[in-house]
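For clarity, chains are labelled A, B, C and D in written order, and residue numbers in each chain start from 1.
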Amino acid sequence: MATPQFKELRRSYGFDEVAIVPGDITANPDHTNIDFKIDNYTFSMPIIAAAMDAVTDVNFATLMSQLGGLAVLNLEGAQTRYDNPEEVLTEIAQASGAEVTPLLQNIYSQPIKEHLIGERIQSIKKSGAVCAVSVAPANTKQFAPIAAEAGADIFVVQSTVTTACHISKSYRGLIFSELRESIPIPIIVGNCVSYSACLELMRTGISGVLVGVGPGAACTTRQVLGIGVPQVTATMDCAAARDEYLRESGRYVPIITDGGISNGGDLCKAFASGADAVMLGSIFAQAEEAPGLGYHWGMSHPHPALPRGTRIKVGTTVTLEQILFGPTSVTDGSQNLVGALRTAMGACGALTIQEMHRVEMIIAPSITTEGKSWQRLQS
Amino acid sequence: MATPQFKELRRSYGFDEVAIVPGDITANPDHTNIDFKIDNYTFSMPIIAAAMDAVTDVNFATLMSQLGGLAVLNLEGAQTRYDNPEEVLTEIAQASGAEVTPLLQNIYSQPIKEHLIGERIQSIKKSGAVCAVSVAPANTKQFAPIAAEAGADIFVVQSTVTTACHISKSYRGLIFSELRESIPIPIIVGNCVSYSACLELMRTGISGVLVGVGPGAACTTRQVLGIGVPQVTATMDCAAARDEYLRESGRYVPIITDGGISNGGDLCKAFASGADAVMLGSIFAQAEEAPGLGYHWGMSHPHPALPRGTRIKVGTTVTLEQILFGPTSVTDGSQNLVGALRTAMGACGALTIQEMHRVEMIIAPSITTEGKSWQRLQS
Amino acid sequence: MATPQFKELRRSYGFDEVAIVPGDITANPDHTNIDFKIDNYTFSMPIIAAAMDAVTDVNFATLMSQLGGLAVLNLEGAQTRYDNPEEVLTEIAQASGAEVTPLLQNIYSQPIKEHLIGERIQSIKKSGAVCAVSVAPANTKQFAPIAAEAGADIFVVQSTVTTACHISKSYRGLIFSELRESIPIPIIVGNCVSYSACLELMRTGISGVLVGVGPGAACTTRQVLGIGVPQVTATMDCAAARDEYLRESGRYVPIITDGGISNGGDLCKAFASGADAVMLGSIFAQAEEAPGLGYHWGMSHPHPALPRGTRIKVGTTVTLEQILFGPTSVTDGSQNLVGALRTAMGACGALTIQEMHRVEMIIAPSITTEGKSWQRLQS
Amino acid sequence: MATPQFKELRRSYGFDEVAIVPGDITANPDHTNIDFKIDNYTFSMPIIAAAMDAVTDVNFATLMSQLGGLAVLNLEGAQTRYDNPEEVLTEIAQASGAEVTPLLQNIYSQPIKEHLIGERIQSIKKSGAVCAVSVAPANTKQFAPIAAEAGADIFVVQSTVTTACHISKSYRGLIFSELRESIPIPIIVGNCVSYSACLELMRTGISGVLVGVGPGAACTTRQVLGIGVPQVTATMDCAAARDEYLRESGRYVPIITDGGISNGGDLCKAFASGADAVMLGSIFAQAEEAPGLGYHWGMSHPHPALPRGTRIKVGTTVTLEQILFGPTSVTDGSQNLVGALRTAMGACGALTIQEMHRVEMIIAPSITTEGKSWQRLQS
């Protein structure tokens, strides 16, 4: 008997499994344009710091803005639960591996202080920076007006998986078209990973989509829930949604690849997969200015009943400026990310991010595997 | 010369190679329905404890039933060969790695005491629990009437591979339609892994099928015999058989994925592959109440001439209730399995197990491989 | 520009990448027939000991024959170069890793003593065993008549790659049809791995083909020369040639899978891939009676200018009889190979080797990969 | 909703993933012809030493020419920046892992001395060797006339990615048709990896193409930039371009696979992939005569702002002559490369490199993976 197919399983790809093919013409890296736009905001580089407590605080957000990018402050993390968040961040950094999850669960079970939401936003604004903040869908109705009133420029609604429609018998889900009318600033929503979910989100009128479920360095969602899509496929599918939405609406909604980028190579591949910008966590946690003190953890890590994360030691290396622009003497792709992007674009003859969307990629054996043969030579 | 194809090799998939794609809509996990039915029995969770000596004894079966699930007592293990099985279970736990297989071979060569079959069943029944018991095909004609008479509610016929038809010159194989007539209780049969074998089993009128050959954590069948099918493919193929049998007969025979589930992620993927329930061994062997004392071994391990298993140290972690319902501070997916299932269903917008059968899955690089890049960051 | 395809690359498979799917019916293992025939010789098991110095000497050949199988004595190894081969075998076992290749190169550079060819063959014949001997193509014209005259029953012409046609400006290649006329005994030729090469060999009128280039445990041909075909694909392709040759000639020429079988699972998969028999090296080198003293090395290892092998320590475990027939307490598939084959055939409902050729196999993630998740549980 | 495809991802292959299938006929290795031609130069072996400071200096170039091959001297490395390059090469060899990249950045920031260009070339020519030199595109206009005038026989223009057309607003890119007219010697250009880029380069009238971006043992381009194509696919695609260019122009432009070849197996596969010659770095760095003193590093390693390489310890083993022609007692494929090539050609029945282009290759599980099962046997 022939076996009928119960379900089709499509092959998906992560960064490690693909590589960029250089172009038929090359270009001078200095002439590449890597601007990134959300509504009326234009940034001189398409790189965003993640809404994670190990990465973005007021100071880091200010610095990112000064360097031409954007950082997102998490309004449900340590910064709004504690007057002096440095204390709990130090505790987290000093906890042993066995202690850290219960400690995080305890730290993040303390109440959010609404007055701190306003204060943090005002501190960022005072520096002259563009201020982006994030809230989970459940708290959005409560906190969005506070944030908008305090002067936030961009509002991010973010949870592990966010869709245009949420079913519940006990409460009314968040309606993004209503949220758009209630606050007058651009709204970015995430995370999502599929063509149809992304397209539905765009149809609600939002200004940007975060792409990525499961791939982050500090995330164990796939192990705990079985859910996740590798970032190359997720980005390509959401890029297809963006292009389809552009065709049907005339509006270009950028997609931001969030999670799983661990070096310049991954970053370049995200753009070759169709990303308009990338959101970085663990790489920025290595910056001297990062509040995580050399550690990094996910924001779904502290869930009280089903934590899904791991605290990783990333170390503290160099300044944020060097991570972004170099120069560097490390050769593993963790520094001079903007230089790497421009160089890769040059090698592909891509003068803009949108030209970079069209370069060829191939499926290739993972770097990890190749690495083994290098090690053989070194032993 | 072109090479003719001697045989077609279909690609199969295990849990580590797939991931669930979140849905276009999401749902509140609290509103998901995860009931599981076998004939007239309804359980409030679709999780069954395996018929393995390291997992199920009278006490564990009672507890599983109280928590809403089911456990299967093996009628050919230590529980029916020894008046005080705790003694030999302790011996197994204390044996060195080199001693353990000969010790198991010796322990399981002792005769089964028929009076213990009745006593164990009655103890389980006395607690108010639903009582399920298992026997290998060769002993079914002898033990099934004893078990039914003692009050067993569900009868499981289980061996590494069980089919609707067994060829032998020297004895008459077990005929399931006859067995059904001889005992008035639901019969579950396993294990099987293919569409056609599963369909033939269902056509004998049985009430459930166990799916899985080779994947268990303590099983070396594939290494010893070359036989085995990874669980995602096995489950999908048997789900296709279930659906075909439903079309041809109008009767819904549930399939139970048995083996290879090592965390919440695997469990969720089993349901996304089409399972109606899952049977767990090594995860439950970690419970404080498990009789294996922190060890786990397969029931084909003690074969006198061709043992196919390995004793693994799983450790003792928390109570069965916490493994099933949390809360937890571990982030590797080994605890709060019901919470993980409901959360994953919510992320997929699946309100019932049957809706979970229809969610999208993708082929993705294995978690193990991804893990390496995390470790690079941590070193 | 679309890229034209320079060359098609077909996917091939090794033992680790496939698994056998159990059948829709099962059979009693005791009733399986595993006879193997070469011309008029019938063996009660389809297992042959390799023509390697670590495996086959006079004593081992005698024992294999008594147990129902066959062993091949290499006429160009230590047995015919040394009156007391035990001395050099001991030297090899005692050499350090750095010394062993030069030592082998020296040992195998000593001349072959023609009188020892006759003596070894006569010793085997005296025991009542079927005597099979092997020679490389270059020496066949010289040694074949000596071997036939001394009473050899089966003549094996074996080199890394042997074809029906060899091009040389300086000498006339071996013509198998001529060889068949010059010696009146069955001729087995190898090794080959492709459909067309195997078919051409069969058309020369020989009686059996050895299948396998590169996969042996002690072979580095693929690393040194880039040449090799994984054994599942090689066996399937040669099985297709055997079936085609049967159609065109009416003659059934068995194929013998040689190399890469490291446990019972691999052995069963070889038959499911179409093998009529298997040739074992490293597994048999573990027998108490093996002349290799717990070590194993390939016969192309000692090449004077381009050695292609490695000496591996396999250890000495149990008797040959236990390796073949058990019983055993090891669970890794290295013992009770005949029991494993019969059990697998039973699980597939295959009563003969030819029925075993028709069972389903699937492509599955490698056992090695699965092993990792077991280890996670054990740590 | 069905997901539209944003971008097609073609599967590519590296050396480790393929294997050569032996032929239907075999040939005597002694009769194989492995000549390699560039314009009017004919070399008796198709092997070129890389333009890397750890490999080629005046002495090494002389020796390679005497042995029948070719070496390329890098005109932008230590040899033209330092009167006594041995001093800095010793410094590099003695630096610690942490110091080496900054040290390389400093060493290679010193100015190139034009008079040394002439002197090095004349030293090579004085020995009677064919002299090949390399320069990056940016310096080609300046150094090419100097090199030609000093007597260089072959001029190589090499950078990570070189195309027929380079876009820059600030300077005029190198035009190869102009370069050809300005110097009267054969020009080899690289590196490239795709059909179309290679074809465009050939159409400029150059005499050879270097193939390979990213695969070298000491290169981290793929990690830093995400760019790279595994060598089997890169070579096959460029071979298709060569064949197309031959059809359209009647001119045969050889392709040289450069990078990623770590043993004889890889080398043989390069030719089976369509290469006319191979360029070796890390293997030759192991020669007693290599200037790298047992170390190897890439020439894009010392980039001042974005270094993309790693220094690897390759060790010093035997003479260059033994690496090329043996005899040897190592069995890992790192020595007797010419013997390996001729032996592989014999096993494939290929009498010339062009016949070797037509042999069958298969996709096979990587040697690395196979290695694991050997190690299991050895533990």
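Just so it is clear, a residue touches a chain if its C-beta (ideal position, glycine included) is under 8 Å from a C-beta of that chain, and two chains touch if they have at least 3 such contacts.
Everything quoted here is computed from the prediction, not taken from an experiment.
Engineer: Any idea what the CA-fit rotation angle from chain A to chain D is, to the nearest 5 degrees?
Structural biologist: It works out to 90 degrees.
Engineer: Pick same or different for copies chain C and chain D, depending on whether their interface residues overlap by over half.
Structural biologist: Both copies, chain C as well as chain D, present different residues to each other, with under half of the numbers appearing on both sides.
Engineer: So which chain is farthest from chain A, going by the mean of the CA atoms in each chain?
Structural biologist: C
Engineer: Taking the mean of the C-alpha atoms as each chain's centre, how many Å separate chain C from chain D?
Structural biologist: Roughly 39 Å, centre to centre.
Engineer: Centre to centre, by mean C-alpha position, how many angstrom separate chain A and chain C?
Structural biologist: Distance between chain centres, rounded to whole Å: 55 Å.
Engineer: Hey, what residues on chain D touch two or more of the other chains?
Structural biologist: Expected reply: 10, 13, 194, 196.
Engineer: If you connect every pair of chains that touch, what shape comes out? Choose line, ring, star, complete or other.
Structural biologist: Drawn as a graph, the chains make one closed cycle, so a ring.
Engineer: Report the complete set of touching chain pairs.
Structural biologist: A-B, A-D, B-C, C-D
Engineer: Could you pull out which chain D residues touch chain C in their complex?
Structural biologist: 10, 13, 15, 18-28, 30-31, 194-196, 199, 232, 236-237, 239-240, 243-244, 263-269, 272-274, 326-333, 336, 339-340, 343-344, 347-349, 351, 360-365, 367, 369-370, 372-374, 376-378
Engineer: Spell out the residues on chain A that touch chain B in their complex, using ranges where they run on.
Structural biologist: That would be residues 1, 3-7, 9-14, 16-17, 101-102, 105, 160-171, 192-194, 196-197, 200, 213-215, 217-218, 220, 222-230, 233, 262, 282, 301, 304-310, 312-314, 366, 368 of chain A.
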